[in-house]
């Protein structure tokens, strides 16, 4: 575990020292503040607009970061050959991969949490009322980030950064359609198409599970059962993906 | 060094691209800038479902963008040609994206009934709102309002006012209005009361309309 | 009950077990081959071909060969970075794939590269954590090593500002951090200046004297011949010869070079007539004598003539020369 944490800490440091993170964090701040400036146009619905934009921006930015930083993370290690001296230490391949995963997940989570805190502060100052219920939505988004990060690590364990980013974006987008796939499957033209859609339905992450933004912007809080389900599902899915990634990475040859 | 900058550029461009694509879709959906000639096209636009899919989990934020555009569309035409043909369409898209967003139903119904003189379409929108938010007193109250002021259907108005008065969070006047409407005590008096309520509680645009109506009824 | 019965058995005598507990060699390769496949064409390429090699405790073994001989491929298999296609590798009896096998192993990669975003001390902290050292122990050891390799003043400098030589020295630090019993060094002398090279050699000798087994690879013989106890010559993936440096290259003294300050034309002509080569190099003369037996005679003549003799040196065979001799026309380094 110390080895995993050492790799995670190093990944966190590596990622946090990237300029992109700073750029995107500023962008997020600008978004929340900008939404606040926009609110007089919203016919008295400014509070909703600020929360909506704040939550959407935070989750979009964190997901984008996870995909773009994650897709180059392993490749950079190979290209700069830093991985050789690390893997020659008494560390298992899986431990290295899990460390990378945790480091990236933690970094993007920090960004997400930071933006959530800014959002809470902005809304509290502007409307004299703290929308604590957004924390439930942020918690679920955190788990979604875990899944996205795991998917990115999985693809990067055997393919190029460009393909990793492509596959990860595709999986994320398709993950939002996962619920609709069952409907499409029932409408499928041929049995082959039906089987394919059914398969995709079971394989793809159901990212809708983690979207409670529509709930919290209207002042409702995320129920404990929904939170528990989201955490359990997110954790299990991420673990499943990481196991697969570990199996692939174990077989990898480092020429 | 260059690799660092490259990555920053790629991430930035991708991010901007995503946002532009999202904004572009909503822009299309809101359709406020469409030329008249292209409005017929919009009739075939697969409104709710497509836009909802395109929002990729950011439906409520997308609804806000459409809402902001809708409000601006109203404001622009309010100041110029008084044509609000697209408002119903935009508000329906907002409702598709975020069914729990109450304001668009109320505002959309209000514009449809008062500005376009199409109370039936306004009531349709409100009914959708009530189906998605059955415990919201405002939607029931506004429905009663439209029945009373625009359709002079006092029985229906009374029913909706009563309904509103039984929902959580309703204001005191809901009961009063229910009583009045049920008694059908003089059309104008009730109408004036209702408009005064709008003047006191509605947003700026609604207040303008209320003031106009009250002037017409010579109540101010 | 089995447990009871076992309790009544006599304890196994110490001597009976001893025969099996022969000390395990630090590294043993048995008929190891590595075949790579081109990812596009899938055409196989044999990088290592049936290598058998056993390292003995506390020796320095040089793995020598031209570029492309299979040195790095062999080392990567020993570290578990790649798997042998055929054959068996054991580190103290363990499969290199087992991460515990690397607990007391130090590795310096060829042209090492470390994380740009860290400082030298931070990197060594990371390495210490990977070796499972306590924070205090890791710090103490890394400070000592940084000081020993002349990097103490640069401990906080980001690694992206490190020169090639400094990176190489940090590489030696990270390989020694866990006080390894086995050191694997891929081209350890590359990137170092002559002084750095001498210091590194000194350090490696000290390590060997402490009992550390060292495997190092090189394609330049002169760097390593004074250091290695044994060398293995690798060529086209095969071990060509294994033995002591002097054993392998004793016949490798090609000629003796005698440098003198002044030389009369007469004497030069006589020397040439005896088959020696005489050349003027700047203000000096260099006489090249092929047979050792004739060196004494030439020297005597020169002394009689009162020529000032500056140096007498055997010119040894270089590894490149060795390949030309030992492998004939086929000895060209494989590309």
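We just call them A, B and C in the order they show up, numbering each chain from 1.
Everything below uses one rule, namely that a contact is a pair of C-beta atoms (placed from the backbone, for glycine too) under 8 Å apart; a residue touches a chain by one contact, two chains touch by 3 or more.
Keep in mind that what you see is a predicted model, and the values were worked out from it rather than measured.
If each chain is drawn as a node and touching chains are joined, the picture is a simple open line.
Relative to the centroid of all protein Cα atoms, the closest per-chain Cα centroid is that of A. Per-chain CA centroids place chain A at a distance of 34 Å from chain B.
Between chain B and chain C the centroid-to-centroid distance comes to 80 Å (mean Cα coordinates, whole Å). Mean C-alpha position of chain A lies 47 Å from that of chain C. On the side of chain C, the complex with chain A involves touching residues 36, 76, 79-83, 99-103, 105, 107-109, 111-118, 122, 126-127, 129-132, 171, 174, 184.
Touching chain A in their complex are the following residues of chain B: 4-5, 7-8, 10-12, 14-15, 18-19, 53, 56-61, 63-64, 67-68, 71-72, 98, 100-101, 103, 107, 203-205. Note for the complex: chain A touches chain B at residues 18-20, 23-24, 27, 38, 41-45, 48-49, 52-53, 55-57, 59-61, 64-65, 68, 72, 173, 176-177, 180, 207-208, 211, 213-214, 217-218. For chain A in complex with chain C, the residues that touch the partner chain are 2-3, 5-7, 9-10, 13-14, 17, 80-82, 84-92, 95, 253-255.
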